[in-house]
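Structure first, commentary second.
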Amino acid sequence: MQMEDELASIGAVMGASWAGRKAMTATSGPGFSLMQETIGWGFMTETPCVVVDVQRAGPGTGQATKSAQGDVMQARWGTHGDYAAIVLSPNSAQEMFEFTIRAFNLSERYRTPVVLLADETIAHVRERVNVPRGESLEIVNRRHPDPRDTRFFGSEAVAPMPAVGEGFNVAVTASTHDEVGMRFTQGAPVHRRMIEALNAKIYSHASDIMETERHNIENCDVGIVSFGCTSRSVYEAAERAETAGVRVGYVRLKTIWPFPEDAISVLAKSANRIIVPEMNLGQTSGEVERITGRKVVRLNKIGGGELITPEEILEVVMRAS
Amino acid sequence: MQMEDELASIGAVMGASWAGRKAMTATSGPGFSLMQETIGWGFMTETPCVVVDVQRAGPGTGQATKSAQGDVMQARWGTHGDYAAIVLSPNSAQEMFEFTIRAFNLSERYRTPVVLLADETIAHVRERVNVPRGESLEIVNRRHPDPRDTRFFGSEAVAPMPAVGEGFNVAVTASTHDEVGMRFTQGAPVHRRMIEALNAKIYSHASDIMETERHNIENCDVGIVSFGCTSRSVYEAAERAETAGVRVGYVRLKTIWPFPEDAISVLAKSANRIIVPEMNLGQTSGEVERITGRKVVRLNKIGGGELITPEEILEVVMRAS
Amino acid sequence: MQMEDELASIGAVMGASWAGRKAMTATSGPGFSLMQETIGWGFMTETPCVVVDVQRAGPGTGQATKSAQGDVMQARWGTHGDYAAIVLSPNSAQEMFEFTIRAFNLSERYRTPVVLLADETIAHVRERVNVPRGESLEIVNRRHPDPRDTRFFGSEAVAPMPAVGEGFNVAVTASTHDEVGMRFTQGAPVHRRMIEALNAKIYSHASDIMETERHNIENCDVGIVSFGCTSRSVYEAAERAETAGVRVGYVRLKTIWPFPEDAISVLAKSANRIIVPEMNLGQTSGEVERITGRKVVRLNKIGGGELITPEEILEVVMRAS
Amino acid sequence: MQMEDELASIGAVMGASWAGRKAMTATSGPGFSLMQETIGWGFMTETPCVVVDVQRAGPGTGQATKSAQGDVMQARWGTHGDYAAIVLSPNSAQEMFEFTIRAFNLSERYRTPVVLLADETIAHVRERVNVPRGESLEIVNRRHPDPRDTRFFGSEAVAPMPAVGEGFNVAVTASTHDEVGMRFTQGAPVHRRMIEALNAKIYSHASDIMETERHNIENCDVGIVSFGCTSRSVYEAAERAETAGVRVGYVRLKTIWPFPEDAISVLAKSANRIIVPEMNLGQTSGEVERITGRKVVRLNKIGGGELITPEEILEVVMRAS
């Protein structure tokens, strides 16, 4: 369905999801900003859906088809209030395919919007994709209620979800509500219980959600943290640095949010310096600094869709070693 | 002007600002989310304006008139791309008045949207306000171009701003543009230069923008970082702790973004433990941890508009000391 | 599902409908205006759905809970381009119930948005409603495609409609498209064929869609055309006029659009004068004049939700007789 | 100013207008639909502004750059409630220029949104334009209040309009309000008085607003009513018909709304048949029928931007004569 703007698109996604279907929409920065209120609606109503944000150079309309990685923090904090975001970051055409399925699986399992945070480079790259036979794919579907179920919200263990029109008595509101959907806009206990449950259902399963690609993280002098298209330059830079005798370890974020703290903590124990190359003015860097408690070496590049090259990373690695 | 929704309101604000007037709109969480795209538009086009976000319990519609402090990170990261936010946090009726003027002054001086991030408690508190005589108020107006000026964008020193209809030849676009307003959506140099200038015009003046209230920050055992309504409980808790012999220092954030790193670094040098009480699940806390490189003691409370009391803070202070 | 604004609501309705469910949203004037673009989207994509517009005093926000009948022409012409509207007008609580079902039936049968145009009086009236047993209700469901069907659009006989996710290859766009959903934005033939089919599927079934309540239309001196809450005053006025010896005929519009031309033409042949009482400045009046080729007696009243009384109508009837 | 969507654009226009500037935005069908709520806001708050709708083939996205004339009725009835629309229709590049100025003049004089309803053909036609010297142009500016004025709304004689920020005490709301801007959402008298005044300020000046081009309207066998690009084919068809001995009269609508009833009534008295060629399925036709009380000969053509040719009109003229 091609809607007329992003407000209509994300609305249609929520409607389709509550009608019992899996639904997805794709956009880039400005559209992603316009969707923020409804994404919060989806978090609060526990609506499974997938939003693809193909990052391009912002802010504003910026450079419309030029690759960038500047929406990392927005994907975590773009809507108001205390919510938890699940954000995946592919770095190949193969992963665009696989992570889309994974995004749906996570959204169905945890009943929450999931963001597939691509960048223009990865979204448009032309590569061979291995599409497995249908039966070998893992497909997760939301848990359906039993006929007598009445509690459809606010469980850390993820409540079952009826479809509209099936005969369940369910009110769906982004106002604070209890487990049966009844609004409670006065008083602390219900609000506290629900918001904590909505966050806990994600954070208590963080180890299931967080995925990283790791290389030598326990045994390196220089560590690199990267994601998306930039991580492909890291592969080559690491190889060349190792050829030159520098022990490089890296964490590549397949899941950006929840932020994979454990892998990065391990890397930080081993590495003397941590380099964070990213196509923005330093967003992931701040998060790595928060976790590791020390300054990282930032390598930032923006504009025109120009990628950070292996040479640029290698140069920083060699200086840092 | 009472518009029909938040999209129209923030649009009207931008229109009025380019027509040469000072313009402001006020909203709370959901409306603030809906405004995010246009706030990015304002950053990119360097449009002075003030957005008041009176925080209430979110996410979603949440609890509509219940105080909260959950939009701190959104106020910094809510729109896409690399931008810099100026965000002020009043803690009294007097400051609601003064910071509104200050928000306008900063927006006019730096030609950028400024957020007045209140919470429901401070926005509705009933207190005596001292309104100074007009002539004693500092009022900043945007710099007006000379008749021969042609460069209206992208200066770290802040470019002059014509009003629409005055006869200047000016195109206003949130696409990447050069100093005269010409779109450049290909190529890195213009984008890099402009985005760096837009961020630098704020960060290079951070010391002018950042304001804090400080108490004993160089000479304390326990430090507290707070803002908004919560900071008023800190005053009393600190007093009572000191009476009990605990040396307490605190930083109260009058400016939240850019985040006042210097004051907090000083506090961190002196204090053994830093406590961050806030009416959310821990947003400022993360930022303090990033800057200080160590874990803080979090004191969080959400729901029903219940404030964090002096007793609750005092208890944590005594345990931490 | 309670969405955050009307743009999101109508988007969610479209999403749910293409996910295979029946979907409805309710609003009043300002929200109805905001939905106009997406209602056109629904017409063009042949999306069954129901929009309830409870008319109140406009334009703008007007008087928010005060009854009015001022959206008659907007319900027909509110979105752009050549489209056909189906609009129903209940005049009792019983009909609010029955016409809602009928609106769904018409929307499913003709695959098009249907508007239930109530007024605040009828929407809030408190009356006994007879709810028939489920099995005695006529429920129409959209025609589902056979597995080999590939033509899902643009048939005067109404094409079958797949649900998204069932495996049919279907693109849904409000750009001009052919019977299989392929976009054709150049050239006249496809556009002409499709737009004519979309209009014809409604107008060629107008006799199935148009419903009126008729009284003495072939045998009267004075005719009255009315709808909604106003028609209830007509009942009493007609009775009293007849008691006074005036032969009164009336047409009550249960369907407003397509406009029931035949019934009104019959009335016009018999009646010397036609009176059109309505709570607006004269919208239905114009249409009656267009059809009958003569001026009608207008009886208009707006503001404060004040109804047109039987006495007011009676007075006009007596003067006209 | 290039805003991110039509909601933002029309909002910015209203903001700029209340900031004291003349403001305009341009769009086509889908954007025009999206603007409908705010256009009603502008009518109710008496905000001078100009909206250009360049008609293309709808409904929905339709055929995006293909000429059409399908928004005639929407331009009159697109928003809710009882309002009066001023809509101009140019038929040359020269008139695009002149009518834009005229649209501003009318909007300033009557404090109301004015629609310049072009079609894609006229908006993109390449013709010599005669731009007169500035001093010879008639430029109307809104009436400014005297310092002691307090009544800024709801006068049939058009109230003076302050700019925001000048120090006048003025509330601007699209809710029903009285002459000083005070909201009155209960009770009939204020609503009735204001809505009648807002409509009367336009209809009582209809003779100043309505403009037509007339040819032989008192002395013809066949009459033609047309507007926009179609009227250019009428010129040639009329000439050729007259050469063939058929007396042709025509009215070309320079103002479409308020609909020029007088000119058309005169034409109808003289002509035996009235032909209405238009690039839609028959919108103006209905209005001509309403006024003249008889059926017209409709000549409709849609799709692909194909114009109605002089030959097509000529053929209908010859058959009708």
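Chains here go by letter, A, B, C and D, matching the order in which they are written, and residues are numbered from 1 within each.
Just so we're on the same page, a contact is a pair of C-beta atoms (placed from the backbone, for glycine too) under 8 Å apart; a residue touches a chain by one contact, two chains touch by 3 or more.
Quick caveat: nothing in here was measured; it's all calculated off a predicted structure.
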item	value
Chain pair showing more contacts of the two, A-C and C-D	C-D
From subunit B, the most remote chain by mean C-alpha position	C
Residue-number overlap at the subunit A/subunit B interface, same or different (half cut)	same
For subunit B paired with subunit C, centre-to-centre distance based on mean C-alpha positions, whole Å	49
Gap in Å, rounded to a whole number, between the CA centres of subunit D and subunit C	26
Whole-Å gap separating subunit A and subunit C, where each centre is the average of the chain's CA atoms	45
Per-residue overlap in subunit A, given as positions that touch at least 2 other chains	2, 4, 30, 34, 37, 41, 45, 60-61, 173-175
Interface residues, subunit B side, partner subunit A - complex	29-30, 32-34, 36-37, 40-41, 43-45, 53, 55, 57-66, 68, 70-71, 73-74, 76-83, 173-176, 184-192, 195-196, 199, 280-281, 283, 286-287, 289-290, 293-294, 302-306
In the complex with subunit B, residue positions of subunit D that touch it	1-4, 7-23, 37-38, 41, 45, 163-165, 171-175
Residues on subunit C engaged by subunit B in the complex (per definition of touch)	2, 4-5, 30, 34, 60-61
